[in-house]
Each structure stands twice: as C-alpha cells, then as structure tokens.
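In what follows, structures are represented as structure tokens.
Below are two complexes that have subunit A in common, paired first with subunit B and then with subunit C.
On to the complex of A and B.
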C-alpha cells in the first residue's frame, strides 16, 4: 500500500472551548481526487488548515504524504494550497504573480504557467485585483499547479464563483490532473460541485468525520429501499438503516449493506451521492468500521 | 522572497525617494539664505567671544522665514518615524492577514519564518536608511544654527541640540525612532491581525513614547552632572514657588557651559543647607542683576544638575541603542508570533 495523501490519528483542533474538529482518524489514499464535504462550520477549513500547516493540532497527529504538515521548504514544495477565497495580491500584475511563484518554488514549471495564462486569455500586465472572480481563482490555481506539487489542496475554490466560472475552474483542474500524477483534496459545502469529479469522499458534520470512502464503494454499499409501511427492525439481517421516512402507507429507508438487499416486499434502488451525503450530514453515525472490513 | 518583498515595497520606495528628492531640493534652495544671514552676522570671521554675533544671527533667523523652515524641519523629523510606523510597519503583515494573501505566501516553498525575516529586515533597513538620510539633510541645513546656539548660550530662539524638542530630531536618534516605530507597527499588526486597529495602536503608543521618553527617561540614561555655582554664574529665569516655599529657579543657562541641558537646581545657604524660601530682603521680582546680587550678598549659592553639551553623542548613542534594542525585541516578537501560528491558531 502506498503512502497515504493524508493520515490522521485522533486529530482535533479547539478554539477556546469550541472544538472545530474532533477525534478525526482516517487515511486518505494518494493520487485521488478527494472531496471534503460538509455544511458551513463543519470543520472543513480547520481540517484543511491542519493539512496545510496553517494551523497546528490541539490533539492527535497528522501526516501529509508521509511527512509532517508542511513546515520546511522541501515539504512545502510537495504540497500545493489554494486557500479559501483564492487570495491573490490585488496590486500586483499577473506577471508579478508568476515571477513570485518562480522565485519561491524550486520546482516551478514556467512553461506550464505561461501556457495556462495564455489559454485563459489573461493579460500578463493586468493588475490581479482588476481580474474577475473566476480569473482570480484561475490565477491562484495556476500558482498552485505550476509549483508542481504531489498533492494540491483547495479550500472551497469555487464557492464564490458564478456557475460558468465554476464549470471552467473544475474543467481546468481536471485537465491538469489528466496531464500528470497529482492528488487533489478539495472542500465544498455543495456536494453537487464535486459529484462528477471525486474518486473519494470525506463527509464532515458537527466537527466530526461522519463518512469517508471511495465514491464507487459508497454508492455500491448504500441503497434506497421502499416498501409497505414498516419498522426499521423488520428489514433483512445485515442491513443497517441510515435514515428512514414514513408516510401512512409507505416507508423509505436509506440503508447500508455490503450485499444486495433481496426481499420480495421491498423495492431497492441505487442512491445518488447527494442523497447519501445529505443522509449522513443529517446526523447519522459514522460507518467506516464496516467499510473497512469490506476493503 | 527578497524579490517579492521588494516588489510589494516598490510603491512605498518610490514615494520615499520622491520625498527625499523634494526635501533635498528644498534644503539646497533655502540653505544659501541661512548662510547669507550667518555671513552678514560676521560669524565666519569670528573666532573668540562670538556670543553676541551668534545671538544676532539667531535673532535674524528667527525674524525671517528661515526660522519657520527650521521649525518645519523639526516637524518633519517628528513625522517621519510616525508615518513609517503607520504606513510601512502596521500594514506589513496585517494587510496580508486582512486580505488572506498570507496563505498564498505561506503555501509557496518558503517557510513563514523566512518570509517574516526577509520582510522585517529588508523594510526595517529601508526604514532606517530613509530616516537617516532625512536626518542628514535636515541636520546639514540646521548646522549653522546649532553651532551659533552653542556659541550664543541661552538664546531667545531656544535652540539647543540637547533640548527635549530638538534632541530626537537630530543626529542618529531618528534612526532608532524609525526602527522602533516600524517594528511597533509590524508587531501591532501581527497581534491585532487588522490593519486599521494596528495603525491606531501604533500611533497612540508611539506618540506616548515620544512624549514620555524625553520627560522621564532621557535625562537619567546617564546620571546628570551636579555642580555648585555662584548665583552670578547662572542666568536666572522665573522661579517656581509652591505652597511649601521655593522649589527652584527657572535657570536659562550656566556661564561657561553653553548648550547644557539643565534638569534642576536648588538654592543652598552658606552652610550648604537647602533653602526653601528666599531671604525676605531679596524679593523675587523680574529676574535682574539686583535680585542676583541680593542672593549673593546673603551667601546663597545654587546647585545645578545638568547634562553638559559635550555629552551630546554619548546621549545620542545611548538613546539610539535603547530604541534599536526595543525594535529588535518587537521584531523578535513578530517572528515568534508568526512561527507559532504553526501550533496555535
């Protein structure tokens, strides 16, 4: 098994008396596109702050690409970070930003940066503060990609963009991944943004990890089951109810089961990622032990 | 990182250079007028007993527009460190925190410790260079005045390099002030994490320091000299008389010690005892020779504590060193606070 992108053990971060992230133990495989999903305030930015070394943990430990959270030039060079709101220096030109990247990163890929700026149609002499929000995000992404990291971490990169700019941003991110080996961890409070791009999902709710696993596996193991009104306990053995809803005549369950749910009185259908994430964010317990058994 | 720090600082560097050029032009344009007054007072030819020529010169400067230029120079030297602290120091890091760009800077392959070090030392160096050049220009312009003041003794212009108002605007002390104001601004920015509050705190603290140090610290950095003089050997100004009697005479100067900074005095009787009231025969009227000779007749002498003018560079070095130490401490505070964000928020 290769070195995970991010491995944590009992990781927690407290601000005063409030735990922004608590009891987080997980291992995110390298080389995947990982979605970090949760409602606002669930701890996504805190988790990303800990991964990028912007913050230090209150408890527990974190390893990124087998090393510490970036604190040395060598480790910083391996990990790219596009922060929330995609900050850029408003008073400096696009060319200044590229020069900044070139001067501060030993692995800087000037050709890649130049090509991306050209493809985006950005004017090198333009002040970055005068660019549109989408262009600013693309410039920040260019800086993150051209330093040639092994892992690129993005915190809500598209939250403030309009739908077209979102689409373009994700498209250019996917194009960059297609070109080379690069792991991505990207957070969003909207699962819809990540649904079509993620291989792996981590769901945070109430400062805890409530679900994590490969997307394909998560979808294969969860089912939407509908039948005549009944109690959750009357479902076949081995089936774990995540959420349930009832009308006068009918019951609907979102269930976790590693085997197909076969019951003549029930209709089972696949879930989509949005239903799944919403169910877990609604306060369901974490089910990774079962998933780990299956892996 | 050095290139980026320079690139971010470039507009400020251009502004500072332009200010220096304008100042140099103003100095070059107005100094000949000052020199012509110096020449017409006969000072270049005077080698001994020049007090009256020097007084004449100071008087003529005072009544011409060059006197206003002198005060403007002092005003500029007070403003420079404050402006540097406000506009170079406070935003140095606070603006990066305000706008979130510190995350962009910290995610390049440069440690934040190096980021902070380069920023603080480069801009701190520029700060001291700017203040030093300004002090040099304005000091050069004012040099005939300070020289004449040294020859004239107590003068109506009240020019003296040791005076509380002028000491911190001359010599090397402005470098220390500027370095201190800059790191004070930077530290306030790191701790408050917002540009505007950091600027407000910098201004308040720096203004307080600029008032308190000349009053409370400077006179005592080096223990003052204390000597006993005949009343006729001092120039007496108004007296300070309180509820419990006489406090001290307002001394203008001591004969033979031109430019000394007088810190205090007390009257002593023949037996050396401190007097708290004047002999009834000597009514304190307008300070004149009758009053002085009355005191002398009663065997009264005066004990004066002061900093002699010869200690100017000693006092300058001590105060500059003190500010540079403070600046180094504040710079270290910034450095540690930025590094510590690794562990705490």
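On to the complex of A and C.
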C-alpha cells in the first residue's frame, strides 16, 4: 500500500462555537483524481485549508503525502494549490506570471509552462486582468502544473466558468494526469462537473464526511430499487437502505448492496453519482461498511 | 480511426459506452483488423474523462480478445466480427422479429416490450442462481 495523498484522524476545525469540520477520519489514496463534494458551507474550503497548511486543526491530525500539512519549503514544493476563483494578478502580464512562478518554485518546469501557454494561444505580453475567465483559470492551472507537484489541490476551480471553459479546463487537467504521475484533489459544489473525471469521491455535508470511496465501487454498490409498497426490512438479505420513499402503491429505495439486487418483484437500476451524492447529503450518516465489490 | 462520444444522461457508465462504441464500430465495419484505436490520452482529453476510465474500457476489450495493446505503440484491433457469428445472429434476429411482431399485435409499445424483456432476463438469472 503506497502512502496516501491525505490521511486524517479525528480531524476537526472550530471557529468560536461553530465546527466547520468535525470528526473527519479518512485515507485518500495517492495518484488519483479526488472529488471533494458538498453544498456551500459543508466544510470543503476548511478541509482544503487544513490540507494546504493554511489552517491548523482544532482536534485530531492530518498528514499530506506522508508528511505534516505543508509547513516547510520541502513539503510546500510537493504540493500545488490553486485557490478558489483561480486567482491571478490582474495588473501583471502572462509572462510576469511565468517569471514569478519560476522564481518562487525550485522545481519549476519552464518548458511545460511555455508549451501550455502556447497551446492555449495566450499572448505573453497580455495583462492577466484582460484575459477571459476561462483563460485566467487556465493561467492559474498552468502555474499549479509547472510547479511539478506530486499533489495538486484545487478549490472550486470551475464554479465560475461557462460550460465551454469548464470543459476546456477539465480537458487540461486530464491531459496533465495522462502525461505524468499526479494526484489531484478538487472541490466542487456541483457533482455533475466531477462525475467523469474523478476516481475517488469524498462527500461532505454539515461539516462531516458522509461518504467516501472509489467512484466505480460506490456506483457498483448502490442501486435504485422500486416495487410494490413494502417495508425496508422485506428487501433481500444483505441490502442496506440508505433512503426510502413511499406512495400508497409504490416504494422506492436507494440501497447499498455488494451483490446485485435480484428479486422478481423489484426493479433494480443503477444509480448515477448525482443521485448517490444527494441521498447521502440528505442526512444519511456515513454508514457504508468497508466497501467490497463482488465482481 | 474512430471517434468516441459520451452521453452523460444515458445511465450507462462511461467505460461501458466506450466498449459499446468499439463493438458497434466492429459490427458496422468502421473498424477493421490491424487498425489502431485512439490513445488513452487522446480519448481522455477529447471527452474530458479520467484516463483510468479509458484504460478500463481498453483492458475489457483486450480481455474479450477484440483488441491488443502493444507497449509504447498503441491499441490495435485484433478481431473483426466473424462471418459465422453474423450468420448465427441472423437466425436469432429473425426469431426475435417474429416475436416482436406478435408483441406489437397485442398492442404493446417499445417500452412495454422492453419491460417484458428485462423481467425475463431477471427471472432467468434468478433461476440460474437457484440451480
């Protein structure tokens, strides 16, 4: 087992009386694209603040790439961070940004940065403030990638972009991970944006982790089951109900089961990631047992 | 070279969509033996999907014996759908058409027919498990 990208134990962060993140224990595998999903105010940015070392925990502990949350130049060099809104310096040119990146990062890959700027068709002399939103995001991503981190953390990188710019941003990210070993942790309040790019999902709601696991296994282990009105206990053995709703005739369950739900009186369908995330955000606690998929 | 596409609301997992598109291209003769599939990176970037999803699809196709990966060169089609299996499918397809005409005659629409089909498949699986 390789060293996890992020490992936490009982991690919590309190502001005054308010817990922004509480009782968070998880281990996120390295080298994957990880989606950090939850509604606004669920604790995503707090969690990212703790990962990047900008915040200190109130309780518990956090390790990033097997070391402490970044507090030394060595650790900082291994982790890239693109803050919320993909910030750039409006008054500086694209070339200034690259020079700044080169001067502040020991592992700076100037060739990579230059190639990306060229592929994007950006003008080096252009003031960054004059670029479109999508181009600004791509410039911020270029700085994050050219640093050559082992782990790149992005806080809501595409929330403010139009659909085309979102697609292009995700294309850039996919190109980057297809080219080299790189772990990515990316937050979003829109699961649809992350559905096809993530290997691993962490869902936050009400300052707690309500679901986490490899996307393929989460999808394989959850099913939408409908049938004549019945009690949740009358479902086949080994099936765990996550959410249920009933009309006078029909019952609908979103269930967890490591084996396919096969019952002649029930229709079982696969769930998509959005249904799954909504079900868990709707109040279900983190009840999934250790995920084991039967293939 | 074929080009993949992705329907995000189809309910079919992306890796399965890629597999289905390769199989369908083989059946339609759009892909022939020896032809190269787009690289994992090309597909991943074009569709903005995780490279692991593409890898999973290619591995599955390899397992089925339809394609073979050559280290550092690419993934190539190794098998076209054979004449015999096409002939065998034809007979099954004829039987199915006869059945479909019968089903339509009773007033069933496409959705009703699909429901019967799905139910039959589920009962078959249940019976197999019971044996």
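Basically, the second predicted complex is superposed on the first by the 288 of 295 C-alpha atoms of A that agree within 3 Å, B and C clash if a C-alpha of one lies under 4 Å from a C-alpha of the other, contacts with A are read in each partner's own complex, and residues count from 1 in each chain.
As a convention for this text, a residue touches a chain if its C-beta (ideal position, glycine included) is under 8 Å from a C-beta of that chain, and two chains touch if they have at least 3 such contacts.
The model shown is predicted, which means the values in this text are computed figures rather than measured ones.
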Subunit A superposed: clash or fit between subunit B and subunit C?
fit
Would you please give the vertex angle at the Cα centre of subunit A, with arms pointing to the Cα centres of subunit B and subunit C, as a multiple of 10°?
150
Going by the contact rule stated at the top, is it subunit B or subunit C that touches a larger number of residues on subunit A?
B
One more residue to check, A:106. First (subunit B), second (subunit C), both or neither?
first
With the two structures laid over each other on chain A, which partner does A:174 touch: subunit B (first), subunit C (second), both, or neither?
second
First, second, both or neither for A:52, with subunit B first and subunit C second:
first
Across the superposed arrangement, the tightest C-alpha approach of subunit B to subunit C, in Å, is 25
If you look only at subunit B, which of its residues touch subunit A in the complex?
1, 3-4, 7-8, 11, 99-101, 103-104, 106-111, 341-345
Which subunit A residues qualify as touching subunit B in the complex?
15, 52-56, 70-74, 76-77, 79-85, 87-92, 96, 99-101, 103-107, 140, 143-144, 147
Partner subunit C, residues of subunit A touching it in the complex:
33, 167, 170-171, 174-175, 177-179, 192, 195-199, 216, 219, 262-264, 267, 269-270, 272
Which of the residues in subunit C come into contact with subunit A in the complex?
6, 8, 11, 13-14, 40-41, 44-53, 56, 118-119, 122-123, 125-126, 129
